[in-house]
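Heads up, the next two complexes both have subunit A, just with different partners, subunit B and then subunit C.
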Partner chain A sequence: MRVARKKTRGAVALLAASALVIAACGGDDSDSGPATTAAPQTSTTLDQQNTEIEENVDERVYGGQVIIGLEAESNGFRPWDDSCSTNCYNMSAAVFDKLLEYSASGEYVPWLATGYEPNETLDEWTVTLREGVTFHNGKAFNADIIVDMLPLQREGAGGSASITGSGLLDIEKVDEFTVKYILGRGNVSFPSFLERYGLGMVFDPEAAAADPVGFDSAPVGTGPFTLVKRDIDAETVLERNPNYWGTDSQGNQLPYLDRLVFRPIPDEGTRLDSVVSGTVDAMITLRQGTIRDARAASGIKLIEFQGNNTGGGMFNTASPPFDDVRVRRALVHANNQPAVIEALGGTGISASATQWYSPDSPWYSQKVADAWPKFDLAIATELLTEYVNDPARSDGLAVGSPIETTLSCPPDPTLIAAMQVVQQTWEATGLVKTELTSFDQATHINMALGDQHHAHCWRWADEGDNQSGLATFLAPPELSVLNFPNWSSELASASFALVQQAGSVLDFDTRYAAYEQIMLNIATEVPIWYSGHTAIAVAVVEELDGLVNWTTPDSSLGSGIRGGEVRWIGVWRTGS
Partner chain B sequence: MPQIVLSRVARLLATLFAVSFITFFMTSLLPGDVVDVILPPTAPRDPETVAAIRAELRLDDPMLVRYFGWLGDALQGDFGRSFVSQRPVLDEITARLPITIQLTFVAILFSLIAAVPAGVICAYRQGTWIDKSISGVVQVLLSIPAFVAGIFLIWFFGVKTNLLPATGWVRISESPWGNFKTVLLPASSLAFVQLAIFARLIRADMITTLQENYVLSARAKGLSDRYILLRHALRPSSLSLITVLGLNIGSLLGGTVVIEQLFALPGLGRRLLEGIFNRDLLVVQGIVLFVASAYVIINTLVDLVYVVVDPRIRRKGG
Partner chain C sequence: MSEVETNTARTEPIPPPKRRPVWVRFAKAFMEMGWGVKLATIWLILICFGAIFADFLPLKDPNYQGFIYGLAQTNENPSGTYLFGTDDLSRDIFARIIYGARVSLVVALSAVSFGLIIGGFFGSLVGFVRGRVDTVVMAGVDVILAFPGLVLLLALVTFLQTRNLLVISFVIGLLSIPPYTRVARANALSISRREFVTAAEAIGTKRFVILWREIIPNVLPSLFAYAMVAAAFIIVLEGSLAFLGLSVQPPTPTWGAMINQARKDIRLVLHPVLFPSAAMVFTVLSLNTVGDWLRARSSVRGSAL
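Right, the complex of A and B next:
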């Protein structure tokens, strides 16, 4: 059994190019012993670095354990309350099933649901549920479960955030296996909420209500693994759920692995060393420097992902001189993206960003990429000269004197290095004085929420449907604290109208046109700037397979390791 | 003796009160708001929601009111709940304490096992190549920060030779052998600097002791060098060591933050770091108070050990 990792130039889109050729497997669902195969086959897909990953889909093996090194401990196993990021999703998606899943083609497809249908105004979504599913404690899953989850979700921080974001008002039981989500407004991106933690992950509401705090160490879901040990900050151990309802595309019982062990290893270097040494079998990193080191390491497989999420920053457009578009455009022209990416350790790893969508996203627009202001110090200097010599300059400083800015970023060494590059290139115009400041992450966020920022480093977009994020970002500042740059202008209003329009239609082309125009408007008035798309990688020992080519119950190809979220349900360990 | 104990206990209580107040005061001054940590970034931050959370956590009460409220609860064994995990702070501490204690004591044990013979040999062979060689190695160890030693040990024993796990922790109740393997590298990382300090102290004190008249007298009686070194010279040469030992055990209990982070150990230091990052003030307060208590108690015990070890102090009444 061989696992190859080789470079293929000229390959196109990430998962759309995948060729899934799977041989018929035997139906061995025992906990040990490999499944039999008809003929050697491989499944091939391409990661963002055009690296061809061949997986041995012909010899799926049952049994064994995988130890996974995570960046941090998961916030918890309380979907209605905890906030959830990459670490949390890796763990929780093994214990809980989501109603929907994200496919390689960018669609939300059924998982624990069997289908969904909106009404014409998109403010009622009828979801049909899978029959014959039981929780880890033996309780049956049905429509009552979804209805009974809602009061907890309303009270919990994570759940209530999703409820507000989605516009959810109520959930009605239609029949034993059908529910209707009733929204206060039409929301085309509602399915994306059924794929995330706050509303999408199904838990036993009775057990949760009985002991909301203790649920973290005794979560009850319907997922492929059950929790057997929760030693916070040390390790969380999950064991195979023998009664799991799911099968792979060949009808083989899922999951393949017997045990999953999650260990938080906060230090990036030792986490990678732990995989190289075999102390753990897999690790996930969101750091470009670690990806660079992992590329140089031997004896491991590296699967990279580069999605929509992008670094960069924002101008507080309510604060002079950033209220003047000439200044903003000048500073974006003075932003040397490759140099910033180099400071972040991402040269050759992260691509420069020009919009909220990566080149692999179906929403990506070349027109926007062409329109985004390019690095050009001459143009930057010209625009700044015009502003500083304007007697009516908005910052009230003397004509001809440089503008004064404060640029803030959390105290991460690489972020600070990147901001120093931004500072240097801004000041290279000779017309900008920039003071760097640094606050911890929570304070940094709080300053943005409270409009106490000037120029602020920030992240934009995520891997799901960005409709909701765009809507809150573009809403007038008096209505949305999440319009962090306080962008308000005719173009901003037009953009908000466009995002509202996009949110009320299902048609892809209409939505695409709206998002493209919004991104063009952002490129025109530049309330924000970008550095590079965030690179994410999963490094695993060579014996692990099945990370990329997992499929959903309707046989759609899944989204691989989108956002560093590995679907451990589909992973198996070959004999070493 | 009872007077000495009473005096030390009174000092201990006063110190703990001061430490708890200063910690509470300083953590209250930290910028940022725990509400931002509790609420997900996308959560609504309408004034009512924020006010409700602040009221629930008593964040709007004056600092002194909050402090004495917390102190009253703490005296009854209730250190509050983590703002973030919602678990009782006492549970957070007790779950992690055994790991930090074990790490600290194994590090001290390793360093003593190496430092005592090294210090004694250096003193006995003062000025010879053996003394110079060992002193040179000790000097090098003294200049290596624990985290650098840790990175090297992970690289050599974890990655290169694959002899020991690079990261992780196995509780002693689960597997004593597994526990030993996981404590070896982090404890060794911490032990290097301690070893160097202890070895230099013992060497210096032993050199002085070996020049005392009673040692010369013992030699004149024809007692063996080994007997003189271990029975007559080592004990009076240990007073400085005991002092530094007490100080270092206390500081190691709170100073394992970097090593616990590097080796992914679920100890108190790592939880303290998380608490600071998350503005989890009750957790920070609880751990700092606990470490301060341990520090003061250990050093009070060290003071009492002096009385046992050195009859002169006992006679002077402390």
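Right, the complex of A and C next:
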């Protein structure tokens, strides 16, 4: 029954699944879906010695070109329809403006909007819009634009997923520059949706409706750059929008650069080499091994970021023996996180994860960190012994015989290495037989969507507020395709009630207490496991500046390169 | 006197030539080889010996990751303890190369067997009987050969979703049949016009007997020579599959998978890539060298027929 239900929701689920998984599973990373409120992260500019360096804001210069090597081609320039990854955000945020931006302090602050205000029940959000802004085609931006975007967003895959996730019912025009978002339920994390692709990026709805397919090669936004060439899988060229409305903190018109060139260079080593050799000016990586290599490279600047997003995996708790918490806890106790991180090339780069929040997040809990099962083969063996000798063991195998598991990860060399470490430590108990399998990313995701998984590599949490992600993860399996581990115990139900409660209040302490208890519940029943927080880095030639210390229109410090998303609007090139 | 002796000699049955033991013939052939062929042969013997008797040799566990327990270092340089060093999971590279030879050789052997037995038989058959059977079989062969081999292989492996040694060997073996069929047919076409075949037909020998006794034995030397070259190709093919993560599942060591896994650290250390690559290169080179030598020998014999 559940499988059938999942199949009917496949398209939406795939988008959302990508959100949670893809970056972890190697290759192209999808947007982690809508994030929710505050969670400040740290961005640090490092030189080869890992010492912090300052960006000289007094040397801002106009002109020049920057060539950016991306991990993969962007999905497109159609915010209402496409799913968006790190690559996509790097390109699309240069063409489209977002209504809100994420600040260094973890707040959603105005960008194309000038402010927002919820009602008491958090189911109506009034957003005021910036005046005097025009699209690339000269059309004026106003409340009608936001209202007219909605029908397209309802029809498009990306937009409709955001609408479903946020609970958005309708958008009302209040006046020429004010709109009201009406939700079907209170949602404290709604501002996060106005910062993401599906609902937050503003496009010309008339041009989009006139030619929805052609819009990809002729997008019309209000952003700092306009698209001049779109050669998919080869090169996308953007040129400076001379009429852009934004200015920097000193009143200088943005952007500084004349031209951006995006080139997909899938191979990690080639992409890094391209920066080192100067063939391209910047590259983005989500691979710990590449960051390690970039740290050792000379003649480049490296900007690193480590956020909530963490690798790891999940147990399908609907599939024996993972329906027994003793087995799950045993296997988590048998998971040597530092060894897994070393296999991933992340020693000294990626910190062991114990929850959905990194130590830099305001939602991080030391109590949860202490409660997370530590690597201890003796405890693991004891728990497994108890299970295998239990005459009522759920997997139906003979008493005393080892449990049989299948562990699957996508076929990326680093993930294959990590998978083998997990296999060895599990099997070191002498009570586990683990078969390793690997399938391409799409198959890997579909296996989880179709409940065909057993122990499955996965990625958890995202860089913003995790309210929405947690809500879908904790919802009963029969209601949510995104409850991939099919976690459905009393603690799971209690966790779902907590996340719903957290979603209806603004008070930080109330929300913190709810998230902390949810993470403790996860640490108790361990439907999932973690490796390390994902390290993300941007490597650039030494002439580039302005990647970290960009500011929003209200002069808030921006969130640096959160999630590998560079705000090219604030970047300048010395010597140009 | 001499006349009597001559008559006596003619009436006595001629004894069959005394056949020397295999090892003597091998030793004689080995001595006739050039140095390059000798080295190649020795390498192949060593690889085969290692692959077959790996479990009995004093090798380290090829899958043991000591670094998890603080008992070994990852990417350790070659030393007395680890002859070829360790890989990114602190496993002994030397042991993994020896065990990895098993996969390469089993896959190569199964492909050669499929090719020789099925491809060789059908090729000889259609080359001998010709006619409609020849047209139909060769049309099928041409269709299969029209597909890019690696792409077809990737599609089959992905479709099957199970990647153990048996499946990989079977799939590669199936794809090996068409080229052998072509080689066998070409040789059979030529041989079926030889005098001894004509003579056999003239005395009323059954066609199946001619195929079995005259055609196939004379096709085999060429097929064996081709098999050596094809085996080298198959080893590279399996390596390509493993490099793409589509061969036998880890942690089973294969040369291609070792190269694939080590490439992520190639900026830091070279030896985890170098040694399995060298093993593959030497094996492929050796098979080609010995294959060329065999082909040269079979050509001489063919001309002597």
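We adopt the following convention: the second predicted complex is superposed on the first by the 524 of 576 C-alpha atoms of A that agree within 3 Å, B and C clash if a C-alpha of one lies under 4 Å from a C-alpha of the other, contacts with A are read in each partner's own complex, and residues count from 1 in each chain.
Definition applied: a contact is a pair of C-beta atoms (placed from the backbone, for glycine too) under 8 Å apart; a residue touches a chain by one contact, two chains touch by 3 or more.
For clarity, every value in this text was computed on a predicted model and none was experimentally measured.
Aligning the two structures on subunit A places subunit B and subunit C next to each other without any clash.
Once the two complexes are overlaid on the shared chain, A:481 sits against subunit B while remaining clear of subunit C. By the touch criterion stated above, A:413 is placed in contact with subunit C alone, subunit B being left untouched.
Look at A:289: by the touch rule set out above, it reaches subunit C but stays clear of subunit B. By the touch criterion defined above, A:232 lies against subunit B but remains apart from subunit C after alignment on the C-alpha atoms of chain A.
Of the two partner chains, subunit C is the only one touched by A:435; subunit B is not. When subunit A is checked against subunit B and against subunit C, the one touching more of its residues turns out to be B. By the document's definition of touching, neither partner reaches A:211: not subunit B, not subunit C. Applying the stated contact rule after C-alpha superposition, one finds that A:269 touches each of subunit B and subunit C. Of the two partner chains placed by superposition, only subunit C is touched by A:339; subunit B is not. By the touch criterion stated above, A:131 is placed in contact with neither subunit B nor subunit C. Overlay on chain A (Cα): least separation between subunit B and subunit C is 5 Å.
Shared contact residues of subunit A, touching subunit B in one structure and subunit C in the other: 269, 439-440. Note for the complex: subunit A touches subunit C at residues 268-269, 289, 292-293, 296, 336, 339, 342-343, 345, 411-414, 416-417, 419-421, 423-425, 428, 435-440.
Interface residues of subunit A, counted against subunit B in their complex, comprise 69, 73, 75-76, 83, 157-158, 160-161, 164-165, 213, 216, 231-235, 263-267, 269-271, 273-274, 276-280, 439-443, 445-446, 449, 469, 472, 481-482.
The touching residues of subunit B, when paired with subunit A in their complex, are 31-34, 36-45, 84-87, 95-96, 151, 154-155, 158-159, 162, 165-169, 171, 261-266, 270-271, 274, 277-279. Remark: subunit C residues 63-65, 67-68, 74, 88-89, 158, 161, 163, 244-246, 249-251, 260-261, 263-268 touch subunit A in the complex.
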